[in-house]
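The structures come next, written out as structure tokens.
Look at the two complexes coming up: chain A is in both, with chain B in one and chain C in the other.
Moving on, here comes the complex of A and B:
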């Protein structure tokens, strides 16, 4: 298929259709409303269901119901809307239902603003609702990657019977880039959805719930979920390295579009003969802990610098992964302010200056 | 041949109306065309077009709007009108009184950069009584690589939706087919083929073709028989540079 020019929000919508999603429920919010707008045109064309709920609470509970039937279901929203959905996400994790949720993040907390941010990292990666659960979190840095990860998200949701979240700062939703869709989407085989409530004719009714009054059963469920998260840690860690080499003095860690700003900064520094590498987590849960531990532990690395469009959120995971081998520093802007490549270069130069041996003063 | 030399031999766009309203589908490149047209008229255009005012009427997109180029446009002596303060960053339906006043009391050329699709063009209906037929150009920016304007029927549908919501009639077309950094000579020329087909069906002229100056430098001027506006991107992503 030839490349076409798409806004991130449209590309995410089309990717979901390519992955076989048939039910989309939404409530509009900037900066992701184009997903809904696009699907209001496209869903009827493919015979799917497009439904705008009366609120994000309604939408998230519609997902619970529709997912119970075994259909591929999803929603998209932005930060405050995702907060409103947390209760139902916890219920879906507890009931082991596959669902895909996209968060095109804007500045917060509260109503915040409508400009791009990455401030929902904690909410996404640490279980935004109540209970012992996690959601698998993917973070694209280009529109093409958003397409690829969106299709993968449906597969992983089914594979683990767990909510999968794709998060991107507002720019991922709003910017335009050339993208290509596969002619026919192929994915590895999945087991039949024998758990789905599809009508009880000729068999026992299936009850899908997250309520277990017997503490033994509730703990059993928590262990089942735990085992799935351990399996994700083994099988679903995704990351990318940019110009990582034995010449690097500093290792940057950044995700999403922030990583692209870091790449421009790295290219600029290369001209000044300062070698910096970038480690970009693609899966934020499971987090590429071991890989960051190994990269940061290399002899040539003096410092690790985490750069975010938020206030030191992923920093905590990186610092934990580095386990004290190196100094881990943080730089970020937030509230809709996006650090420029020049800002990143300046931070790196400051770190290098700090490490320079100071000239000893001669004794008088 | 010097780099960019062939660009100089393209015929520049000629603007004969005091108001140029730029509309189009989402992501057709309206804002980039609008700011580049403003710059062209302010720096290379005929004196009778000046002074130049650009008004950002985009109330549907939150990012990548012409207001992001305000400071650079002002340096060129272009007046930029858009909501100020916190509202500059909002996507609220705010129509400043300056805009209507700027249209009625205009001196020189006023370029209106309007939001995408019929939703974005609805803002024009609230200004409709300020537009006198014959005194404005209503131009649609066409990009053949966008999903809903990839063929003539898609373009005609989008145009009829925009005419419906704006309560104005089109006077011309702008061929702006591109794929951002993946744009080739073929991309630009295939877009012109589509624009011509739309022109044949509607009777509207192709006012000009716009494309990046870099790609234009690889196209023979004789291959493009309409005026050409070379673009230098002014609405960049944070990691992009112009060199």
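Moving on, here comes the complex of A and C:
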């Protein structure tokens, strides 16, 4: 299939259809409303379900009901809307329902703003609702990657019977780039959905719930979920390295749009003979802890610098992964301000200056 | 006397053989049975999906012999919407109490009704939060004593109780809205007709159907089952009049298309 120029939000919508997800529930919120507008036209063409709910609270609960049929379902929203969805996400995680949720993040807290940010990292990766659960989190840095990860998200949701969240900052939603869709989406086989509620014909009733009044059974459920998250940590860690080499003095860690900006900064620094490598987590949960530990532990690395469009959120996970081997610093802008490659270059030069042995001529 | 082996009374197929957790004198058991009889009479048990609420009937899924979802508090209509939109061939119902439906789930029920979602809601109104131990509900009568209004509901501070059937009947879209009671055999028969009709309308593909059932709560009303029936008849029924507010067969009740 030839490449076509598409806006991120529309490309994400089309990718879902390619993955066989033709059931979409939504509520308008900037900067992702184009997904809803696009699908309101496309769903009737593919014979799918499109429904605009009365609130994000209702939409996420509609997903609970819709996912119970065993069909692929999804929604898209932005930060304040995702907060309202946390109730149902917790219930769906507890009831082991597959669902895909896209968060095109804007600045917060509260109503915040409508410009790109990455400030929902904690909410996405640490269980945004109540209870012992996680959602699998994927973070694309290009529109093509958003397409690829969106299709993968449905597969992973079904594989683990767990909510999967794809988080992109507003830039990913609003930017236009050439993208390519597969002619036919292929994925590894999945087990039949024997858990789906399809009517108790010739079998016992199926009950889909997260309620376990017996503490032993509730703990059993928590262990079942825990085992799935451990399996994700073994099988679903995704990341990419850019210009990581034995010459690097500094290791950058950044994801999403921020990682692309860092790539430009790294290219600029190369011209000044400053060697910097980038480690880009693609799966934010499971987090590539071991890989970051290994990269940061290499002898040539003096410093690790985490760069975000948020206030030192992923920084905590990177610092934990590095386990004190090296100094981990943070640089970030937020509230809708996107750091430029020049800002990143400046930060790296500052870090290098700090490490230079101080000249002692003054004392002479 | 003819003593043939003909069964004249049996447990409906749509109910499981389980002892319920409901208190003595509570009418949830009767209402469960009426719903089950309606599913049986229409032959739809095998393609039925129930949605349980949060409240006394949170465990309804243990008593009905059909597929079930357990919803977050108040969200049963949203779950039912999502399910039925994807499976219009199935028969979907929510079973909700007054705290669940008229308080925390007010938004979900109104918008589901207004979109004309093709499921049936069984709304059980006993004027109190039952499961949490008898707190004031939006349906608690003026002056009624509960654990969070121990001096009686003060309507100057908390407003008058909400009449859900009347409120929903202001919407143009819903197909069928009726309030019934189940405290006497005559009322049980009327309720059975209404519940069966609601499911029949749903199977015909008509828009939203809701039956409000006035129920007793001797435990939280602080009354005996007998006193509860009397209080229901004298107090509850005078504020919540029984009757039909919308029915496709009664065009005089409809102010728009159904």
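The working rule: the second predicted complex is superposed on the first by the 360 of 364 C-alpha atoms of A that agree within 3 Å, B and C clash if a C-alpha of one lies under 4 Å from a C-alpha of the other, contacts with A are read in each partner's own complex, and residues count from 1 in each chain.
Keep this in mind: a contact is a pair of C-beta atoms (placed from the backbone, for glycine too) under 8 Å apart; a residue touches a chain by one contact, two chains touch by 3 or more.
Only a predicted model underlies this, so the values are computations on that prediction, with no experimental measurement involved.
Visitor: Please determine, from the superposition on chain A, whether chain B and chain C clash or fit.
Guide: fit
Visitor: A:5 in the overlay: touching chain B, chain C, both, or neither? Say first, second, both or neither.
Guide: It touches chain B, and chain C stays clear.
Visitor: Applying the touch criterion given at the start, work out whether A:24 contacts chain B, chain C, both or neither, answering first, second, both or neither.
Guide: A:24 sits against neither chain B nor chain C.
Visitor: Touching A:88 in the superposition: chain B (first), chain C (second), both, neither?
Guide: A:88 contacts chain C only, not chain B.
Visitor: Once the structures are superposed on A, label A:115 by its partner contacts, choosing first (chain B), second (chain C), both or neither.
Guide: first
Visitor: Could you read off the angle at the CA centre of chain A, spanning the centres of chain B and chain C, to the nearest 10°?
Guide: 100
Visitor: Quick check for you: in the superposed arrangement, does A:229 touch first (chain B), second (chain C), both or neither?
Guide: Touch status of A:229: no partner.
Visitor: Pick one for A:330: touches chain B only (first), chain C only (second), both, or neither.
Guide: A:330: touches no partner chain.
Visitor: In Å, how small is the closest CA gap from chain B to chain C once the two complexes are overlaid?
Guide: 24
Visitor: Where on chain A do the contacts with chain B and the contacts with chain C coincide?
Guide: Touching chain B and chain C on chain A: no residues.
Visitor: Can you list the residues on chain A that touch chain C in the complex?
Guide: Interface residues on chain A, with respect to chain C: 23, 25, 49, 51, 53-55, 57-59, 61-69, 71, 73, 87-88, 91, 95, 197-202, 205-211.
Visitor: Applying the document's contact rule, which stretches of chain B touch chain A when the two form their complex?
Guide: 26-27, 61-64, 89-91, 119, 143, 145-147, 150, 178-182, 237-241
Visitor: Name, in rising order, each residue of chain A that touches chain B in their complex.
Guide: 3-7, 10, 14, 30-31, 34, 37, 113-116, 170-171, 174-178, 257, 260-261, 263-264, 336, 338-341
Visitor: Quick one: which bits of chain C touch chain A in the complex? Just the residue numbers, please.
Guide: 16, 45-49, 51-52, 58, 61, 64-72, 75, 78-87, 90, 107-108, 111
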